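Please find the structures below.
Here come two complexes built around chain A, the first alongside chain B, the second alongside chain C.
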Partner chain A sequence: MNLKELFGKKGAKTVKNGIWREHPISSATLGICSALAISNKVENAIAMSAGVIFVLILTAIIISLLRKIIPSRVRIIIYMITIAAGVTIVDLVLKAYFPIISEAMGPYVPLIITNCIIMGRAEAFFVQNPTKLSLLDALANGLAYGYTLMAIAIFREIFAFGTLLGVRVTPAGWVDWVVLAAPAGAFFVLGTFLWVTRTLAGVEPPKKS
Partner chain B sequence: MGETSLLSIFITALLIQNVALFYLLGMCPFVALSRSLTTAMGMGAAVIFVVTLTSSANWVIYQILEATGSQIIQYIVFIIVIAACVQLVEMIMERFFPALQASFGIFLPLITVNCTVLFISLKVTTVDGLSYIQTVVYSVSAAVGFWLAMIIVAAINEKLDLIGRVPKGLQGPGIIMVITGIIALAFMGFSGMV
Partner chain C sequence: MKWLYNLFESSKPHFEKRGKLAFFKPLFEAIEFIFFYPPARTVTGPHVRDPLDIKRYMTIVIVALLPSICASIYFFGPRILLMILVSYAVGGLVEVLFACIRKTEIHEGFFVTGILFPLILPPATPLWVVAVGVFFGVFFGKEVFGGTGHNIFNPALVGRLFVTIAFPTILTTGWTAPGAWRGAADAVSQATPMALAKTQAVFTPVADLLIGIPSGSAGETFRLGIIIGGIFLMLTRVSNWRVPISYLASVFVMAFVIGLFGGIPSAGESAAPSGFAAAFNFGLFNLLGGSVLFGAMFMACDPVTSPFTVPGKFIFGIGCGVLTVLIRVFSGYVEGVMFSIVIMNAFTPLIDHIVLSMRYRGAEAS
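This part shows the complex of A and B:
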C-alpha cells in the first residue's frame, strides 16, 4: 500500500512518524502507566486501546478546530477538560455495555485523562495543525499505542495464564509463569520490548545528565 | 476499607500496594527523572506535597458532588482541581519561598499529568470510600511510597551509570524498567504483612 497516494505527502509523513519513527511508547516513553497496568489480559488491552483511540480522535477534532481561538495561556486547562469529557463518555459506555471489563479495569479508565500520549499530541500537534492532519496523527499514534499494548498483553496472557482471550492455548501440564501476571512481570516485558524496538529503530540512548 | 486502622492503611499504601510498584502509576515522570538521585528527590517531594493537598480537597468536593447527585462530572472537576492546586502552589511558592520554588522548578507543572495524583483522588473517594482522616493518611503514605520507589531506582541507576556496561538499546528507559521490575519483585515480599 502506498501511503503517499492514500494520504498525500504530509499525511504520509504524519502516519509514518506516529506508527514507527516517533512511536509514542518506545521513543518518547509516554503513556506507559496503562501499557504496564492493563496489559495482563488481551481483552483489557483491547478495551483500553479502543478508549485511548476514541479520546485521541475526539481531542484531535476539538482542539484542531478550536486551535485559532484557544488563548495560549489557558490551553493546558482546555486540553484537560476536553480529554476529561471524552474519558467520561468512554467510562459510561464501558459501564453500560461491558460491565465485566469495566470492573476489571477499575480506576485505570479515568486515568486515561492523565495518559500523556493524548496531552503530548494535543500540545505538540493538534494545536498547530489542521483537522485532517490531526486526525491522521491521532489515528497513527492510537494505533501505535494499541499494537504495543496488544503485543505486551498477548505475551503476558499466554505465559502468565496459558490462555489467549480466555481460551486455553497451552498444552496440558503447562506451568503458568506467575511472575508475569504480577506487576514486576509488566516491567520486565516492557523493558525487553523497549530494548528490542529501540535497537531496531536505532533510537540514540539519552545523554547522561 | 471502612474500619481499617490508620497504621495498616499506612503500611499498605507505603509498601504493599505501592502506587509505583503495585499499581504501576506515575511512570512517565518516574522514567524521565530516575536518572539522577537529586531530581528524583525533588520530584518525589513535590508529589508528596501536591497529592496531600489535592486529595484532601477532592475528598471534600466529592462529598458535595455526591450530595447533589452530579458524580458524572467527577473526572472533569477532579482534574481541574488538580491543575488549579498545582498552579496555586506554584504561585504561592514563587511569592513566598523563591528558594524552594527554584529547587522544585520544572517538576511542579509536570505533576498535573502525573497519574498518581488523579489515582489517589479517585481511590479515596469512589474506589475505597475512606473517611477524611483516612484520606489524609492514605495520601501521605502513598505519596511517600512513590518517593521511596523513585529514589531507590534512581540510586541504583546512578551506580549502574558508573559501571556503564548496559547494552545500547537498553540504556535509558529500558534499564529503568528492568531495575523497577526487580524492586517490584522485592516489594512483593511485603505482601501479607497486614
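This part shows the complex of A and C:
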C-alpha cells in the first residue's frame, strides 16, 4: 500500500509525521501524564486511546471548519470549549455503557481536556489546515498515542498482573512485579520506550544553551 | 605464554575496523587485557606512572570482600556461589553489550557490582530474582548514565532497591538461618536481628552479631570479616576513611540520643528501657546490627557516588547515618541502610557544589 496514492503528497507526509517522525509522545513528549497513569492494564489503555482519538477527531473537524472565523485572540478558549464538549461525551458514554472501566480510569477521563496532544495539535495544525488534512493529522496522532499506550500497557499488564486483557498468560508460579503496577514503575517502561523510539527515529536531544 | 600471545596476535585482525567480528572488539580487548598489559603508550605528556589503575583498584576491593564471601558460603552453602555466578553472567552480558554498541572499553567496575549485589540479598533469593536485579541495577543504575564513573547511584543498591519494591514478599522472607543448609531441613528461615528488635524488642547479643550467628543478607552476617575488610580498604586508601567512619559514628550517636529519650522499642506492656547504659547498648546494637557495617565499608564509600570534597565526605557520611537510624526507628521498614545511601547518592552533586561554592566564594567575587 502506498501512502502517497492513498492520501496525496501532503496527506502522506502528515500521516508519516504524526505516526512516527513527530510522534506526539516520544518526539514532542506530550501526553505523558496519562501515558504513565492509564497504561497499567490493556483494557484501560484501549478505552483511553479511543477517548483521545474521538476527541481529537471531533476537535479537528470543528476547529478546521471554523478556522477562518475564529478570532485569533480567543482561539485558545474556543479550543477548550470544543475539547471539553468532546470529553463530556466520552465521559458520559463510558459511564453509561462501561461503568467498570469508567470507575478504573477515575479522574483521567475528564483530564483528557488537559491532554497536551489535543491542545497542541489544535494550535499547531487544525487551525491552519483544511478539514481533510486535519482529519488525517488527528487520526495519525491519535494512533501514535494509542499504540504507545498499548505497547506500554501490554508490557506492564503481563509483568505486573500476569494477565493480558484479564486472561492469565503467565505460567504457574509466576510472581507479580508489584512495582510495575504503580505509576512509578511506568517511568522505567516509558523511559525505555522513549529512548528506543527516539534513537530509531533519529530525534536529536535538545542542545545545551 | 608465547603461544597465547601468538593466538591473540593472530586473531586480532578479525576485530579491527573492517574485520568480521569488529562489533566484539571491546570484548576481545578485555580478554586480552586479562593476560597481557596493553601495548598502548601515551604519546604526549604528562606521562604519569602509577600502577594503581581501575583494574587494581577493583581487585583490592574484591580482596577486601573475601572474608565476607567465604563466610557467606560457609553459612549459607554453595547456593551463594550460584547467586554470584548468575550475577556475574547477567550483569556482565549487559556490560559487554553496551560496550560493543557504544564502542568503548569494558570497564572492570562491574566486577565489584557483580559481587556486591548477591552479598546484599537474602540468602534464599531465587536465582531469577538475582538475574532481574543485577540486570536492572547495571542497566538503569549505570549504563543509562553513561557507564562506569558516570553513575549517580550505586548500581548494586539500585538493583537491590528495585527487587525490594518489585518482589516484596520474596525479599522479606528469604532469611535462612546460618548453617541450616548442612542440616536435614531444606531451609529454615529465621527473623533477622533488626526485625526481632523492632517487632519483639529482642536484642541479639553483640558477640553473636560479630561472628555471624543470627540471620541476615548473605554477606552481612560475619561482621568481624567486614570490619577487617573495611580497615584493609581504608589502609590501602582505596576507600576514603572519612565516609565510613562518619557514617558509623553518626549511626551510633543518633541511636544513642534516641535511646536516651526513650525511643528504644519495648515488648508488650513493659516500659521501654531507659538510662545511660540502655542507650549505649541500643547505639551499639544499631551500629553492629543489620547491614550498616557492610553498607558503610563497601557501598557508601564508592568514590563515584560519594562527594569528592573533604567536608562533603563528612556531610555525606553523617547524612547516611542519621537517615539510617531515622528509617529504622520511625518508619515501617526494618532496615534503612539501602534507602539512606541511595538518598544521599542523589545529594552528592549538590553537596560538592555547595562545598566548592563556599570555599571559592571570595575567588569568584574578585
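FYI, the second predicted complex is superposed on the first by the 208 of 209 C-alpha atoms of A that agree within 3 Å, B and C clash if a C-alpha of one lies under 4 Å from a C-alpha of the other, contacts with A are read in each partner's own complex, and residues count from 1 in each chain.
By our rule, a residue touches a chain if its C-beta (ideal position, glycine included) is under 8 Å from a C-beta of that chain, and two chains touch if they have at least 3 such contacts.
Not measured: the values here are computed from a predicted model.
Colleague: Is A:N17 touching the first partner chain B, the second partner chain C, both, or neither of them?
Modeller: In the superposed model, A:N17 contacts neither chain B nor chain C.
Colleague: Based on the superposed arrangement, let me know which partner A:F188 touches: chain B (first), chain C (second), both, or neither?
Modeller: In the superposed model, A:F188 contacts both chain B and chain C.
Colleague: State whether A:I81 touches chain B only (first), chain C only (second), both chains, or neither.
Modeller: First partner only.
Colleague: With both complexes superposed on chain A, which partner does A:V179 reach: first (chain B), second (chain C), both or neither?
Modeller: both
Colleague: In the superposed arrangement, which partner chain does A:G106 touch: chain B (first), chain C (second), both, or neither?
Modeller: In the superposition, A:G106 contacts chain B only.
Colleague: Looking at chain A, which partner touches more of its residues: chain C or chain B?
Modeller: More residues of chain A are touched by B.
Colleague: Using the superposition on chain A as set up above, list the residues of chain A that contact both chain B and chain C.
Modeller: 179, 185, 188
Colleague: Mind listing the chain A positions that touch chain B in their complex?
Modeller: Its residues touching chain B are 29-33, 36-37, 76-77, 80-81, 83-85, 87-88, 91-92, 106-107, 110-111, 113-116, 119, 179, 182-188, 190-192, 194-196, 198-199, 203, 205-206, 208-209.
Colleague: Would you pull the chain B residues touching chain A in the complex into a rising list?
Modeller: These residues of chain B touch chain A: 21-28, 31-32, 35-36, 39, 72-73, 75-76, 79-80, 83, 112-115, 117-119, 122-123, 126-127, 161, 167-178, 180-182, 184-185, 188.
Colleague: So in the complex, which bits of chain C are touching chain A?
Modeller: Those residues of chain C that touch chain A are 140, 162, 165-170.
Colleague: Given the complex with chain C, which residues does chain A contribute to the contact?
Modeller: Touch list, chain A to chain C: 175, 177-180, 185, 188.
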